[in-house]
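What follows is a pair of complexes built around chain A, which joins chain B in one and chain C in the other.
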Partner chain A sequence: MRRSRPEKWSDYLPIAYPAAMLTAFFVVPFGIMVAVSFFERVQGGFYQPAFTLSNYARFLSVFFGEVLVFSLALAGAVSAICLIVGVPFTYRLTRLARRYQVAWLIVLLGVLSLSEVIIGFAWSTLLSRTAGLSNLFVAIGLMESPQAWSPGLGAVLTGLVYQAFPYTVLVLYPSFSRLNPALMEAARTLGASPLRGFLTVVLPAVRRTLVATFIIVFIFALGAYLLPQILGRPRHWTLSVLVTDQAIYQSNMPFAAAMAVFLVLASLLLVALAQLADRKEPAL
Partner chain B sequence: MTWLGRAFFAALALFLALPIVVIAGVALNARKTLTFPPQGLSAEWYLSVFVDPDWRAALMHSVVIAALAAAISVSIAVPLAWFLWRRIAPWARIVQVIGVAPFILPPVITALGALTFWATAGAYGQSWTVVISHGIFFVSLPLVTVSLGFATIDREILEAGTTMGANDRILFRTVILPMIRPYIVSGFAFAFVLSLNEYIVAYMTVGFTLETIPIKIFNALRYGYTPTMAAVSVLFVGVAVMVFGLVARFGDLPKLLGAWSKGEGQ
Partner chain C sequence: MTGLELIDISKQFGPVTAVEDVNLSVPAGSFICLLGPSGCGKTTLLRIIAGLEDPTRGEIRLNGARLNDRPAHKRDFGMVFQSLALFPHLTVGENIAYPLKIRGRPAAQRQARVRELLDLVRLPGVEGRAITQLSGGQRQRVAIARALAVSPQLFLLDEPLSALDAKLREAMQVELRQLQQRLGVTTIVVTHDQREAMSMSDLIVVMSNGRIQQVARPIEMYRKPANPFVADFLGQANLLRARGRGADAEISGGKIPGLRLPSNGRAIVSIRPEDVAIGPSDAAPIRATVSFIREMGASVEIHLDAGDDRIIAVASPQSCPGCAVGDTVGLTIPASACVLFAETGT
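Moving on to the complex of A and B:
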């Protein structure tokens, strides 16, 4: 069956319902959120219609600037760590026998689907004084007494990397599994060591994918809304945590909405950059 | 693989498994404490997930919401993927992008959009709102798998069906649906597991009126730890691994995740 242009009105039927649902329950909510970002907050209540830029003006404060810089730096660090570990891992993974690949993919999907609540809870337990790793280190004589490593920046970073690592591998997986094995074989035949072959032949061949993956994982890390709150102190809160906090606990919907709009714009900009970077790799 | 490679894989396996092992152990404590290694052994906390009325109710909520939401996701994704595959209509790409957007953008955005929307519509806190919002949130998963399913269909087969007088409706029922069914099932499975674990959209839509498992764990985290929250977390890990294991058993997991099978591409 060749693809054809829709002609009769009934040809449009299949897309009518998906388009209606997505419009009603994603586009409209999104529009309302944008509208609310210009509304005024009402003390003790929700908000009232108005047109004010004061919610956006709050971005100019030192506090907001600090949160923004911290969020971006944290997401950048998480994305960098995930790529440094994930790239050699994924390359090796795609070279494994199929059944080992499948087993790893199941585990990675399992971790990826875990709720941020569960990841946060598990790591806060693991890094706690009463039930944590430090007890193990004390038992084998590496440490004098158990210590609490959470809350802290290290704990936030660990939790975020734990969450983003499976995502990184799954984003890299298609390009690496499609990579022509002849590339590495040729490099080896010409006398390159495996490491040298990987660094000078394989990586340059997928460099666009690497840049795109960095950005995609960056956005993913930027979206973490709970881990900085569970594993960190208030000074480790990111933009996403702040949006939740303003919306739920400070009941300042207009300001939360304004920050969310900002987050959308930042993400869209990054997605556009990723698309630009991920134009087709030169044919290999 | 060299020993260095093995050590690297083993270290990562340990990193991924360690938090799960610790909470699995913590949930075995005989008394109501979260210590590791556990003091005394008891299966009481694992059982309490099903016995304790509050936890059981939360579990039921989560499972029902996830099943209904995944069904909505699939019901949106299948006709959309079909239209994109069947028709030449560049504007339809916009609908596709909107379907994928909630998954790419930071989740708080979808959550806050849902909150303001349901509040404006006067339905804030109603339990069905989270079903619809989750259904929309996870459309991208079946959309990706089902589109992949359509891509595997040889258009010649359908050409043959058309020459023999079948219309689109008959072709869809007798040829296309059987061929894309595994992809629909995997899409449903992905959406189901992710909805089960989803916190922020659920919290911002029904957080104050209804408890799902992630909401209940978060509340326990704030207002009083109990080993049950560790037990239920382990249970959820088990469910995720089991579902993805089944998908791998009956489908082609590497292909679903974007690898080409032998002989294709290249």
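Moving on to the complex of A and C:
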């Protein structure tokens, strides 16, 4: 591979196309969004260029503060549940015979092909009082009478975890399947019970992947705006729902843009924190 | 009875029989090698002893007590894996202290033991290093130190030296044997390297197709192999078809004077290359043509065609009578050095 520095303008040609695409579809729209976040809203119209911080100042209200905290907590809970369920699941999956692994991965990829709307309404039905799972539990004698589990926080969490779980497994899978099975066996011959070996050897060996998975699922859940509306009550709405609400129904583009910028900043801050936390450990 | 006993051990993986009817007793304090080609079941047998696999049938006993139902983490054995399986997220010291930490030993005691073990494997002062900062030979020593940390009743090693280069491997063989003698720990090594098995062990167990072929002291096994497989696997052997009912046995290229075959007059004769003597062609009982010469430095290996047989002879360069490819020479095979096997399958 050639490693000399680019000298002529033609040396930049290979990256020109990706650079152009990135500029057209990411840098420009993001720039417009940042710019709009400083504009003024025109009552009954759209917006006009200006430089005002009032859109950001509106955040400082208790209402938006609470929504922000709820959104972060919800995303954190979804990531945590996905990891708690996904890590043992993926570990067991990578210990199965090849053909069972493939079958499981196809099922998980199948979930990814479902639209968010379908997932939302399917869970809304499954968790409803009239046609939901609780009728099944009544039938087999586990419950006294059918209950409505949706809308509610549990329903929102269920929907989001269901949607994020395939991503969790797919990000964890390569790491776990590359893990030397002898590590766990060594831990056992050295006196560690299977659970202790898993916690003290397997998890630390893949900790970078765990951090990466947490961040990916966290950002994914932070951007969810459809499932909280379908499966939750208004108090379960995330900042993303409010962004949609302001942008589409209230026609307040500048305020919506300011909230979106804020979400991006929160996500970036989290990634930076995770990187920092990882660097403190010895480099291996 | 002290030591390890394996009684009628078999292991099936689906339709495949990996280990079949293995009976073996390992005296306490001895050093034994499980030797065989890859796929012969030796690693599976070691994993059964370690508790990483359950035998399909049979019983394992240690000092008379049944081990079958005791899980791997309660057997208190030390095991060195082929990949070493050092924990990448821990330092050298933390790796060695891992089994001590699991058993709840206090920190001061752990540190003292780590230092003691690193001295034992002649690697002092590296406890703070990362595993990635060590060479292959150093990692090997760390893996050995970790396996010995709790003074195990049984020390198991799965192809421990296979990743090292030839020179280092020889040095480690000597060191491993000295270490074992100093500690007196019962040791079982799996290897496919017959030189390693010859030079290290008190007892060699040769396995093939899941079955034990022979258990014997190294030199005994070399001199008196139980069957053609063992003769050929442990060192080199010329396996020659012999015929004759009289005082001399006949092979394709000549005679072996004084060798009496069994009453049916047929047998396979096994003769070591160093026992084949080369001389002038006229008086010798076997005439052969030199087909290839391999200079090995300390010795010279001469490939010979004698009738339908190919015979390999090993001589010292001084005693080699300046023969060249194409020469006709005489061979003498002393009857006393021959081992006879019954002919099978023909």
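The criterion applied here is as follows: the second predicted complex is superposed on the first by the 255 of 284 C-alpha atoms of A that agree within 3 Å, B and C clash if a C-alpha of one lies under 4 Å from a C-alpha of the other, contacts with A are read in each partner's own complex, and residues count from 1 in each chain.
Note that in this section contacts are C-beta pairs under 8 Å (C-beta built on N, C-alpha and C of every residue); 3 or more make two chains touch, one makes a residue touch a chain.
As the structure is a prediction and not an experimental result, all values here were calculated from the model.
Contact with chain B, but none with chain C, is seen for A:113 once the two complexes are overlaid on the shared chain. In the superposed pair of complexes, A:264 makes contact with chain B only, with no contact to chain C. In the superposition on chain A, A:235 makes contact with neither chain B nor chain C.
In the superposed model, A:193 makes contact with chain C only, not with chain B. Of the two partner chains, neither chain B nor chain C is touched by A:129.
Contacts of A:180 after superposition: both chain B and chain C are touched.
When the shared chain is aligned, chain C comes close enough to touch A:207, but chain B does not.
Contact comparison for chain A: of chain B and chain C, B touches the greater number of residues.
When the shared chain is aligned, chain B comes close enough to touch A:19, but chain C does not. Comparing which residues of chain A touch chain B with which touch chain C, the overlap comprises 180. Against chain C, in their complex, chain A makes its touches with residues 180, 182-183, 185-194, 196-197, 200-201, 204-205, 207, 281-284. Contact residues on chain C toward chain A in their complex (touch as defined above): 50-52, 71-79, 81-83, 85-91, 98-99, 102-103, 130-132, 146-147, 149-150, 156. Residues of chain B touching chain A in their complex: 1, 5, 8-9, 12-13, 15-16, 18-20, 22-23, 26, 33-37, 72, 75-77, 79-80, 82-83, 85-89, 92, 95, 98-99, 101-102, 104-117, 119-120, 132-133, 135-136, 139, 155, 158-159, 161-162, 171, 193-194, 196-200, 203-204, 207, 213-214, 217-218, 221, 229-230, 233, 236-237, 240-241, 244-245, 248, 253-254, 257-260, 265-266.
Residue ranges on chain A touching chain B, taken from their complex, read 1-6, 11, 14-15, 17-19, 21-23, 25-30, 32-33, 36, 46, 85, 88-89, 92, 94, 98, 101-102, 105-111, 113-126, 128, 130-133, 135, 162, 165-166, 170, 173-174, 177-178, 180, 216, 219, 222-223, 225-226, 230, 240, 243-244, 247-248, 253, 256-257, 260, 263-264, 267, 271.
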